[in-house]
Amino acid sequence: MEKKPIALACRLDSERAIKLTRRIFEFLVQKGEIVYLETRIAPKIFPHNRMDLGEMTAENIKFIVIVGGDGSILRVANGLSQQNPPPILGVNVGSIGFLDESNGRMIFRDLSRVINGEYTLEVCSKLTAYIVKTSGEIKLSNALNEVLIISSKSSKVLQISIRIDGIFLNRSYLDGIIISTPTGSTAYNLSAGGAIINPNMESMQITPLNSFAGSGLKPMIVPIDSEIEVQLLRPRLDAKIVIDGQQIIKRIAPNTRVRIRNAKSQNKFIRFRGSYYTRLRKKIIGTVRRVPIDDSPEE
Amino acid sequence: MEKKPIALACRLDSERAIKLTRRIFEFLVQKGEIVYLETRIAPKIFPHNRMDLGEMTAENIKFIVIVGGDGSILRVANGLSQQNPPPILGVNVGSIGFLDESNGRMIFRDLSRVINGEYTLEVCSKLTAYIVKTSGEIKLSNALNEVLIISSKSSKVLQISIRIDGIFLNRSYLDGIIISTPTGSTAYNLSAGGAIINPNMESMQITPLNSFAGSGLKPMIVPIDSEIEVQLLRPRLDAKIVIDGQQIIKRIAPNTRVRIRNAKSQNKFIRFRGSYYTRLRKKIIGTVRRVPIDDSPEE
Amino acid sequence: MEKKPIALACRLDSERAIKLTRRIFEFLVQKGEIVYLETRIAPKIFPHNRMDLGEMTAENIKFIVIVGGDGSILRVANGLSQQNPPPILGVNVGSIGFLDESNGRMIFRDLSRVINGEYTLEVCSKLTAYIVKTSGEIKLSNALNEVLIISSKSSKVLQISIRIDGIFLNRSYLDGIIISTPTGSTAYNLSAGGAIINPNMESMQITPLNSFAGSGLKPMIVPIDSEIEVQLLRPRLDAKIVIDGQQIIKRIAPNTRVRIRNAKSQNKFIRFRGSYYTRLRKKIIGTVRRVPIDDSPEE
Amino acid sequence: MEKKPIALACRLDSERAIKLTRRIFEFLVQKGEIVYLETRIAPKIFPHNRMDLGEMTAENIKFIVIVGGDGSILRVANGLSQQNPPPILGVNVGSIGFLDESNGRMIFRDLSRVINGEYTLEVCSKLTAYIVKTSGEIKLSNALNEVLIISSKSSKVLQISIRIDGIFLNRSYLDGIIISTPTGSTAYNLSAGGAIINPNMESMQITPLNSFAGSGLKPMIVPIDSEIEVQLLRPRLDAKIVIDGQQIIKRIAPNTRVRIRNAKSQNKFIRFRGSYYTRLRKKIIGTVRRVPIDDSPEE
């Protein structure tokens, strides 16, 4: 039986990331692995072993190493085949990141562990957004983190109405609305005041972005098989849809309805160190030092 | 086969509630129903048909009507037999309420609908808190809304550490911590900044109460089969545990650990009008009026 | 002595606003007042009496009536002569508004009151933003509500450092930062989580917009004679500056410093009904109905 | 002319604090200073030189050194003569603290600087709360940080109405309300969601504590010469008043009105290192590390 190849992807705009990717390539080749490079970086590393992200599946790729921060991981996660994509191992090179599991110092030890099967897989749901046209729905790219619907003009608030499973929830004035996965709950959702959700919970979160006084919408968690429909109500004010901070659909016209549902696709992340809760403390919520023995309120 | 009786409970401190309960009693008796009264109100309505809440189960009671606000519903829900309790129909008499489904004007029509089987049941998970002693765990009452662990001195902050499923999450300075059910997500949890959760989601939410600058804990949602352990760290500062705003356990000493897990019990609520999302809009989040035709940002 | 004229301004994109402005024009002319129209609407009302906003001062105009919502008032306030501009009377025509004092129903009675001198003036400070170049500072338009510095890419967070009076405050990751006047404290600042400030307080508020977990910046109020300096730190990520939701300066490059100081100009608003606090309740914070006699927690 | 003595105060329940106070006493005596000890700690240090806090003024005491955290400083600040109290130098011994300026390592160098006059004074306004009786107002202790009016039962919400300068602001459901000074803005006010205010701003902040959904009250800043009146509306639910987390007035009955006004007294704090903004960064808001050169969003 032929060995399944490992894939490599990386940022193009960071010399540091490209250099580390080159070292990972050499390390894996020396280990006797077959290595494929994402097409766009192949010329910088080894031009002959290239493959388009869209062709990579769990059938033809053992796993894919992504060198970069969360931005790179999101780009690649959405570029991979959406039918059974290969597991992802994220390698941070100094950026903001929560999705990564390794970094420049640990990666060589970590690769050996993955090759030896010493890891677990975190399975992450995704969302799909659809623009509703009289002729039917137009499907947009899948979202691993979130779908953001935002006013196309800075500081001009949208008015939207929200329906969940066909039931009218409310109308609000706000900058925008975030529909996030549990994976995305620690990303933009958190900055906007949403709650953190354990990735094992099959759910979507609806979080208003800077809602205007009197608009009572609050972060809300609904089952993942819900359908959320957002309609733009304000005349002459367009919106944008931003998927995972990357794909941007400009000029969604007033009255347009956008629907968000569970995607049929998932992404799998390679994990070995500590748990989700440990990662949460180290990367997001922090901790205070233990209380000193004398630090109690005086009687 | 004998007819299953209907039970009635109500506030004792509101003449309006007692008067309405008396009218409901008479209405049901006239309809040919057997009616039992919670022991403590029986003397005010009809002293002979009384039953302790703790004896009421879905086997011996068709459903229980509770006249009062959320406070009364929580008191009764926790007083009923925790093994298969009867369904609850809440009747609001002018108080703050989200759990109720009827009110003084609708109740007689609503009772007919329940008797005719025209309703659905909303099933709500509950939590149980345990105080950890060297000799074992001491079980406290079940919570339908939330378990609150709060400093016993106003404006003296606790320091707590939290573990989830045995894994250290973090240490924070805060007034207290709320562990809430989805049902409780619209109650104290919401005032403290937590998210709203659809009652069908099997989950618990951990929400810090007025956490001190630098304590990065955020509202967090975990699966309902998680075990949350909270330890009090600050020397000489006791805490209280408050369950559903009612049962109060005073003087939890420093270093004590409190665990919260899914209760083996659930409560069922009778619902007929509109959906959860409609109730949410009408009682909690509100809506803004539709945008006027001219109210768009000027070009 | 010649009578001082009254000026009129209005939205151009709302038939309702233009129609009301025409009626106000006729009402004032009938009252024997000299009326000037903002140049751009003169052709739609009375083409002969036109004047550019920039020429209007408290010396040559008694007061200016602005028909529209807050957007129109902000546009005009910033278009008027910045040296001693005439007092403003805002007339709402169904839009979101907090700055206005009158509406379509009250305006004719209100105009009589102003002409009779039955009113008070609310004096509002303004801010000026400057872009720092090696050659010196480039002054931008004055802000009555706020100066917003925001990432030029939706959901790509800026990193900024803030200095106040030359002292380093901190570095944060965030969507943007709002520097607002007390007048602007109930506008975008409030949606972003800032505090409401009485317009008599001579102050500026610094409010982070969706700051990223771990960036501890909070809404902060400083004296109005402070100098706030914001520097863009993230390589390759531009920002925009938006003044009062209107003037937009695109493509502020990485490393640029922007300074905000008290403007030498103020705007005056005509007020007669109730106080600031009444207006706040009616338009922004609302109130709950009085507690029913029975709505107390049960003993 | 006789030398003006220096005073010392400290926590009684911390061996570490007492030990440090003893060393400070000896250091000052050796320097030739006259040292007075707060009456209650005198027996533990040097029983002959004692003085009650209430007798200490800027006339008879050069300055007072307080060894402990913010709790100790608040206790002493409110215990000192309220007519022209002596300047305060706070010394932290490992507790939560923002008011202190020195610590166990720096204190001996810092004392020399104070004695040499190398310091500035930060002047802090205070508030006074009054309970309104038909017979007149009952004055409570002054507050350096805040006056907290809070429900006497955990998780039973108050309903209050607020008037500012006699004008009705609104009615809200909430756990309590905080009226804070700029000095107190970084304390409990901040945990409750209030804004940080530069201590030079003469102002009060009104901050709701866990307000219930639909109660639109927001943190609000008003001039320091305002009168804030809070009335308890909910029948049968008492409140407590907590001043600086220390003095507690229990059982404020329903319908009682409490008024808060600027106190006639101020406290002065000795400062030498860095500015207010530096202290804010180091103790409260923190900062993120400088963005790495590569950490920009990929094109």
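Letters A, B, C and D name the chains as they come in the text, with residue numbers starting at 1 for each one.
Please note the rule applied: a contact is a pair of C-beta atoms (placed from the backbone, for glycine too) under 8 Å apart; a residue touches a chain by one contact, two chains touch by 3 or more.
Owing to the predicted nature of the structure, the values given are computational and were not obtained by experimental measurement.
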Centroid comparison with chain A (C-alpha atoms), farthest chain = D
Key: Chain pair equivalent in interface to A-D, over half of contacts matched, among B-C, A-B or A-C   = B-C
Request  = Count the C-beta pairs in contact for C-D and for B-D, then report the pair with the higher count.
outcome  = C-D
Request  = Return the distance between the CA-based centres of chain B and chain C, expressed in whole Å.
outcome  = 44
Task = Would you mind pulling out the distance in Å between where the CA atoms of chain B average out and where those of chain D do?
result = 37
Inquiry  = At least two partner chains per residue is the criterion; list those residues in chain D.
reply    = 13, 96, 156, 173, 190, 213-214, 216, 218, 236, 245, 284-286, 294-297, 299
Message = Looking at the complex, which residues from chain B come into contact with chain D?
response = 13, 96, 148, 150, 154-157, 173-175, 186, 188, 190-192, 209-214, 236, 240, 242, 245, 248, 284-286
Ask   = For the complex, which residues does chain D have touching chain A?
value = 11-17, 68-69, 71-72, 75, 93-96, 213-214, 216, 218, 245, 292, 294-299
Query = Tell me, which parts of chain C touch chain D in their complex?
reply = 153, 156, 159, 164-165, 167-173, 190, 193-198, 200-201, 203, 205, 214-223, 226, 233-237, 254, 274-275, 277-278, 280-281, 284-291, 293-297, 299
